[in-house]
Amino acid sequence: MNERGTGRIETFSDGVFAIAATLLVLEIGVGGTRPARLGHELVRIWPSYLSYVTSFLVIGIIWINHHHYMRSIVRADRTFMFINLLLLLDVAFIPFPTKLVAGYLHGSGERDAVIAYAATLLVMAVLYTVWWRYARVGRRLIGAEVSETELRANDRAFAPGVPLYTVVFLLAFFSPLAAVSLTLALASFYLPAAALFAER
Amino acid sequence: MNERGTGRIETFSDGVFAIAATLLVLEIGVGGTRPARLGHELVRIWPSYLSYVTSFLVIGIIWINHHHYMRSIVRADRTFMFINLLLLLDVAFIPFPTKLVAGYLHGSGERDAVIAYAATLLVMAVLYTVWWRYARVGRRLIGAEVSETELRANDRAFAPGVPLYTVVFLLAFFSPLAAVSLTLALASFYLPAAALFAER
Amino acid sequence: MNERGTGRIETFSDGVFAIAATLLVLEIGVGGTRPARLGHELVRIWPSYLSYVTSFLVIGIIWINHHHYMRSIVRADRTFMFINLLLLLDVAFIPFPTKLVAGYLHGSGERDAVIAYAATLLVMAVLYTVWWRYARVGRRLIGAEVSETELRANDRAFAPGVPLYTVVFLLAFFSPLAAVSLTLALASFYLPAAALFAER
Amino acid sequence: MNERGTGRIETFSDGVFAIAATLLVLEIGVGGTRPARLGHELVRIWPSYLSYVTSFLVIGIIWINHHHYMRSIVRADRTFMFINLLLLLDVAFIPFPTKLVAGYLHGSGERDAVIAYAATLLVMAVLYTVWWRYARVGRRLIGAEVSETELRANDRAFAPGVPLYTVVFLLAFFSPLAAVSLTLALASFYLPAAALFAER
């Protein structure tokens, strides 16, 4: 009774991804006191929009990829379920550093806020890689009909994750805004670019 | 491996629609300090109810239509998934301008609040049209069994979206309350009216 | 293309029910300032627990019954989907008057708070009855294999809803606490009692 | 019509588990006023991280086990649905005492906060055991193909729940931090340990 289907993992994971992405909007606000000119205030809080869009796309892409990789994974043991739970724990945490970036970017404290944000994403990338390696090594949880070619394609898709988020993390120490912008750029170009490359 | 079924898109989209609609209620409140006469306060915050009902119906109709159109769409590529993610990003953002309308309608700042609200809905209408055009042009993602008659019916259903939300957006500059009321009227009459016309 | 399956209605409705019930907890708090003695404060906010439990059970029972009735309903037209959307709009609104009851019960303003709460539940009961009547009259949306006996059993199950919530609503004007307690009692005894009677 | 399939119970329960876990992050904040040094503040709020991780893992494990036990349960009557609703009511409540632990641990009031937290988990363990006993006694809701060996394995899995959470509850009176840490340790080791033992 140690291995079971993966449908339940997808249901719970889908729920956490969708909820975490949709909760992001709750962190956007126009200040506790009633601003004199709302229009100016709505421009002033541009870091909120930047962090909202960035985190929403990051979570959306994690979700799309999660589904993609789960097609190769046909079994789940309790260790895998625990790793998946840790991954979800990190994804569900993203709204907190997103709120920090929204509130502190372009002001004092922005470096600490973006470091916390980049650290959360880096931990996510590490856990995601562990998640895939655990399932993939020795084809532990891989379906018999999945080809080695497909597994290697997945390996290549995972390869840039940890290095790229390490760059974002290090960049946060020098230029917080650049670190967030790079994260947004990576998320924005990931899906269309993947579409381009996949057709070759 | 560039095309895949559409079940996963529906699951995640359904989640975001349901959560965004249900989060709207969190924005309703009776002020930070304890009002002396709660009954009066509950009447005074009528803009909160108006914006709640309007946004809930708008999101509900987006959701109903999303399902309707997904029946014609049998494949999904990564570009389509990215467009769908942008659409969800905009829908999940709706609670923020809804909160602005709730807090500022019928007071100073109401024009800016409703412009932000109408702009969010206009972007939604544009993204939704792009979403459909991408799937429909050259029957890129359309099932072979879907008739041209049905596709043209869907085209007609999409046609009024962007013009109507443009009218709402322009109206927001002159009469914020009228702009919100028009949005509510459109949402309220859309479903029953569609039912009337569909039977002819 | 005017009738379609009911699976999508259940998915979205389930989502709204689960989210509305789970959001209730967000309204519970121990006051803006740090209370000197947390233990006393946790006792003092008993109206929060009472309103949380009451609303959670009410939403849970609406959900259980929704599923039960949807087994008889095999089609959906756009009018039915609109009525269902209005029902969800009301259910998703429940956290707001629940917050009012939590904050005002056993203090000034409690009457207005509980009237708002009871009015929300009464509107729910009316919409729910309309929802069922629309599907049931002339067997408009009922499956051919559903017996008249079963439909009449459902009719009987709906019959007490509006009268009981009318009693709760009227009671709110005289004794707010009694009105909330009656709602809780009805919700608490509904399911076990239904189980008792169903076996006869 | 007194017994029905269990699919709907799983859908609603999955939703509540996923939402409750994901809402936990909303309780994390860096104080109402803008802290002078954000980095220090992010270290100072370590109880928020501890309570977030603990509650997320606890809910995740309840969810994993819920699915596991539901495989043996093939019927549901209204009493079982009511017990399940009470279990969900308690799980959905967890974010509130989690917020208390986040705000009060390592300061005055920490004992009351952790007692409230441990009490919520103890009630959960009791309800969960009642939930299983109701389904299992006389194989009331158990599928015919489920072996007695499997049922006894489930009995053994449930056995430590109430005693362990009673220990946590009693520990909260003497050492609040130790009580939370023990809860985290139990949750962290549960899944991998279960994986170890299951293979023997």
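Note that the chains are named A, B, C and D in the order they appear, and that numbering of residues resets to 1 at the start of each chain.
What we mean here is this: a residue touches a chain if its C-beta (ideal position, glycine included) is under 8 Å from a C-beta of that chain, and two chains touch if they have at least 3 such contacts.
The structure displayed is predicted, hence computed values, not measured ones.
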Taking a step as a move to a touching chain, how many steps at least join chain A to chain C?
2
Same or different, please, for the chain C to chain D contact, judged on whether over half of the interface numbers appear on both copies.
different
Quick check: how many Å separate the C-alpha centres of chain B and chain C?
26
Using CA atom averages as chain centres, what separation in Å is found between chain B and chain D?
36
For chain D, jot down the residues that touch at least 2 other chains.
15, 19, 23, 26
Examine which chains touch each other and state the graph shape they make (line, ring, star, complete, other).
ring
Spell out all pairs of chains that touch, sorted by label.
A-B, A-D, B-C, C-D
Note: in the complex, chain D contacts chain A through residues 14-15, 17-19, 21-26, 28-30, 34-35, 37-39, 42, 52-53, 56-57, 60-61, 63-64, 67-68, 150, 153, 191-192, 194-195, 198-199
Spell out the residues on chain B that touch chain A in their complex, using ranges where they run on.
1-2, 4, 8, 11-12, 15-16, 19-20, 23, 26, 77-79, 81-82, 85, 88-89, 92-96, 99-100, 103-104, 108-109, 112-113, 115-116
